[in-house]
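In structure tokens below, several structures.
The same subunit A turns up in both complexes below, where it pairs with subunit B and then with subunit C.
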Partner chain A sequence: MKSGVDIKPATSEDEVTRIGDGDVVLSARNLSYWYGDVIGINDISLDIGEGVVGLLGPNGAGKSTLLKCMTGQLRPATGSVTIGGMAVFNNPAVYARIGFVPEQDAFYEEMSGRQFVTELTRLHGYTADDAAELAEEAIEEVNLADDAHRPIAEYSKGMRQRIKVAQALAHNPSALFFDEPLSGTDPVGRRRTIDLIRTLGDQGRTVLVSSHVLHEVEAMTSNVILINRGQVVADGNLFRIREMIDEHPHRIYVDCDRPRHFAALLAEYDDVTTLEFVDRGFFVSTRDPETCYSRIPRIALDEQITLRAMTSEDNDLSAVFRYLVP
Partner chain B sequence: MAIRDQSYQRYDGPVRTGRSWPVIGWSEFRAYWRFWRTKLTIFAVWLLPLMYALLVLVEAALMEPGQLGADGPGHSHLNLFVSTQLFALALVYIARGCGIVSDDLRHGTLQLYFSKPIDRIDYMAGKFYTLVLLGVVSVFAPAVLLAGLRTAFFVQSDMLAEIVVLHLQTLVLLAIAIALLAAVVLGLSSLTRRTGWAVLGWIAILIVPLIVHAVGAVAADISPWDRLLSLHGLVGLAGDALMGGADAMPEWMPRIVPFAAIGALIGAGFAALNWRLSHLEKIT
Partner chain C sequence: MADSSNNDTPSRQLSPIRLGLNLYKLDLARKLRARKTVILFAIQLLPVAVALLALIWVDLDGLQVFEETVAGVYLPFLIPLAALFFGGPTIVDEVEGRTITYLTLRPVPRSILFAAKLAASVLLTVATSTISVIAFYLVCTLGGGGLTEGLDLLGWAAFAVVVGAKTYTTIFALLGVVFASTLLPGIVYYVVFELIIGAVPIVEMLSVKFHLYTLGGFDRTDADDGGARETLEQFLLDQPLEFDWWVGFVACVLITAAATLIAATVFRSREFHV
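Let's look at the complex of A and B:
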């Protein structure tokens, strides 16, 4: 353990990731799944407690496969998943206590939002009246009551996302799984979904949210599992991971009209480690990104250099993985 | 750390009781019913039975007392009726029905279904139930109406018992036909994500055997084995076996053959869907 972050070797035999608060709700042991010859997830063992946990990883890392194994959509090739001590796959008793928000828009477009949630809630064994009541409460919770009568075909992307959340919430599950819940949503819808997920976590539910965008997960929780190439590469506190990004030299691209002159000025500072020239500008690597970010526009202003762009390729998830995975 | 050593939360949520397939079937049927295309198609296939009903009324009005039933109980008319109802049902499934599973495959709705406390068998039975409901509304209900009308007109005749039995047999035959067509459509729809392909497959299954049958009829005498190759012929053979039309059944063909073939096709339809559900990783 290194200051809140547990960085794992490429193979983590007999090692169990433990994350979330309180008692263990969801448990996976030696979970693997293959798509033919391609491995989707590779020998993952983890225990997840209450609260929101972010499942972070680049596209193709195995996040969706892991979620599908955890929600019983796929039968793991090896290992097992349990929720509340019960095996998940093909176990309706477990499905009754989980809610799943898939990434795809999986709808009957001609149904109204209210009918959609009600019909899916009825599959939990509720009567039509009880299901309608629960659906109404869930729709209220996702702030969609005014539009619940409209056909789903007329919904915006954000509204579709929220109605999916409503169907996952209606039966009051203790564990919720969100697969890329913010993809395609507008800023307002994004804010609402984030607030909702945080509220669900505060209520003591286990909420697992997959995403490939670091700042999205950062807005919901500080507990994260980082997954890459089907393996858990790190778990722990997101703020510590942020610090790790800053500990490594940042690579900043500077697009300006006099790149060699600008680079020469920057080379005088101790935190600058390398300079690399490209077509229209140059890359500068620094050990002190915060200072360097403020320094670059100041020098440009003082020296009357036209600064066209200044971007960092390190402040994202792929940078984290570059550090964590050799 | 072993899983059994850990402290788990107790499950306090609702406990599911009963099967979910009626909910799946009924909600899907209601979703279909919301389309004007469904309503128009069903209205269109009701036109012919309504004409039959009108003819029954005209027959009863014009017939002299004592003439009722002079032409027999109407076995051949009912055969024709069943035959037209079969094509009507095929039309309904072209308009609505071929997407019963393929739409779920395409839209990823299976993920939602199987995150709920349902078994695979619930899903299969629910989808089959939807198609059966479509069949009941489209072709079975008019047959019941017609049976009621004819029985009412023959209530004071000597042929009442014969008429009632004949119509009950017709209804049983239609129920078998609905189950057969529904299972075949279910199987076809589960083989593809594209509803268009399922529709084309369905049309091919209906038309190709008829063409083969027609070619066979021109080339040689029509053999009962040819009838086994088409859904329409199968139901016809089952009708002959069921309604005692032994003349139409060759002596060397056991009466169980058409029913066995129908059972096998229904099983094949479910097997195709089961195969698809066993390979969900290909679609989710």
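Let's look at the complex of A and C:
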């Protein structure tokens, strides 16, 4: 069983990914799901404890399918999922203890935010008064109190995201699942949601958050599961992902006003291996990305070169998947 | 699993009946506010409006018009239409609106969830249809026949309408659950079972319409365009099929029970890709 302290590729089919703190809350064994001939997830085994765990992967990697299997929305073709030792699919006892923030932008549009959360909380077995009180607290937590009386149809994308979070929180669940919770949120809403997710994790709840954006997850947790093509390709600590990115050669695109002059200056450094000119700038390949990334703006500043852009396909999550999946 | 709930979190009752009632109230309130309900109610009241207009120009035998309209318009057309509009979307609306996730992830057993939503749909179909039939009766009696003389007829008509509304709504809800679509399966069912099969002697017993005529005591040959049907009946049988009213009632109850059971069973294991 993996320790979950360092990022490492999942190599053996029999291995169980162990991540999160404390006791195991959520357990999946040999989980597979197929959409006809298309693979959704394939033979995933996981043990997840308390705290926030990021589920990272590119679009179409199988994150949503995995979350849906874990929350009992989909019945796995093979394998099993348990939460608190109980099988999940079609089990009201489990649903009473979990909260789910779906990715889809779907609501009872005619309702106000307050009504929406209250009515859905009532379906957790609370009286009308208790549900209203719990809904109010959840709405406060997501900072929507001032707009809770307005119809959801009038909400901005960010507000809609937050009301989805409120309906998942109101009944005080022990385990929470967020499917791309920051999609469409403004910077302030994003910050608040991130803080809220961290707080929920600090409270000892199990919080699983899916995202395809590395820095979003980075802001919430350092515990991650990397998933690609329906399989867990690595798990562990996010800081190690950053190191992995930096350990591999990078090809950086530099868009500037005097590319040949700039390239000549960069060519003097030992870590620079190749230079390739294109329309508005050039590509520089380096064996020491971290140093090179800080060197480029510094030289531009010293030489008064207008640096319009500096990007690299190797400096994001998709690059990690290229390293991990040959 | 760690219990992260706050100590001051109120207690809750996870009784399926209570949860089902909460969902039933929620669904009914939403449906009552929906524009679709108003439109459908207006359609149901069309015969009432037509009768009111007819009263101005024509002398009507009110009770005869009432009986013929119930048998020829309400039972074969308006009741199935209302049921299609309210019953079909019982689950389909939640799937198409992608809000089904919110419901299936509540601790409401799936069969209770379906039953609660079906109950709300049935109530609306029954209410809009029955109100319309009663209003139509009142208008017809203005044209002659007397308000109290036809009460017996009204009672049987209302009975047939209530049972028909309940049966059709359940059938369309079942079709919605099985095919995850409302309109096309509903129309195909209606054309095949109620129009085609319902017009063929003996096998017409497979249609709901047959049993509604039986329990309401209506003459089926009056209701349909009778030429072809009468010829067929004379060819196959010495006399038309006739049963006591309770046979029609029991048949409708059995159809409703079977459709509910099948729909709840299918819904219980259904996955929703939303």
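By definition in this document, the second predicted complex is superposed on the first by the 286 of 326 C-alpha atoms of A that agree within 3 Å, B and C clash if a C-alpha of one lies under 4 Å from a C-alpha of the other, contacts with A are read in each partner's own complex, and residues count from 1 in each chain.
Basically, a contact is a pair of C-beta atoms (placed from the backbone, for glycine too) under 8 Å apart; a residue touches a chain by one contact, two chains touch by 3 or more.
In this text, all values refer to a predicted model and were calculated from it rather than measured experimentally.
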{"item": "Simultaneous placement of subunit C and subunit B on subunit A, clash or fit", "value": "clash"}
{"item": "Partner chain in contact with A:107 - subunit B first, subunit C second, else both or neither", "value": "both"}
{"item": "Contacts of A:16 with subunit B and subunit C, given as first, second, both or neither", "value": "first"}
{"item": "First, second, both or neither for A:120, with subunit B first and subunit C second", "value": "both"}
{"item": "Partner chain(s) touched by A:203 [first = subunit B, second = subunit C, both, neither]", "value": "second"}
{"item": "Touched partner set for A:32, first subunit B, second subunit C, both or neither", "value": "neither"}
{"item": "Which superposed partner A:84 touches (first subunit B, second subunit C, both, neither)", "value": "both"}
{"item": "First, second, both or neither for A:47, with subunit B first and subunit C second", "value": "first"}
{"item": "Partner chain in contact with A:143 - subunit B first, subunit C second, else both or neither", "value": "neither"}
{"item": "On subunit A, the residue positions that both subunit B and subunit C contact, one per complex", "value": "23, 25, 35, 71-74, 84-85, 90, 92-93, 95-98, 100, 102, 104, 106-108, 110, 119-120, 122-126, 167, 171-174"}
{"item": "Subunit A residues touching subunit C - in the complex, by the definition given at the top", "value": "22-23, 25, 35, 50, 71-75, 83-85, 90, 92-93, 95-98, 100, 102, 104, 106-108, 110, 119-120, 122-127, 130, 133-134, 167, 171-175, 203-206"}
{"item": "Of all residues in subunit A, those that touch subunit B in their complex", "value": "16, 23-25, 27, 29, 33, 35, 47, 68, 71-74, 80, 82, 84-86, 90, 92-100, 102, 104-108, 110-111, 119-120, 122-126, 167-168, 171-174"}
{"item": "Residue ranges of subunit C touching subunit A (in the complex, touch as defined)", "value": "1-6, 9-10, 12-16, 18-19, 22-23, 26, 30, 33, 97-99, 101-110, 268-269, 271-274"}
{"item": "Residues of subunit B defined as touching subunit A within the complex", "value": "1, 3, 6-11, 13-18, 20, 23-24, 27, 31, 34-35, 107-120, 280-281, 284"}
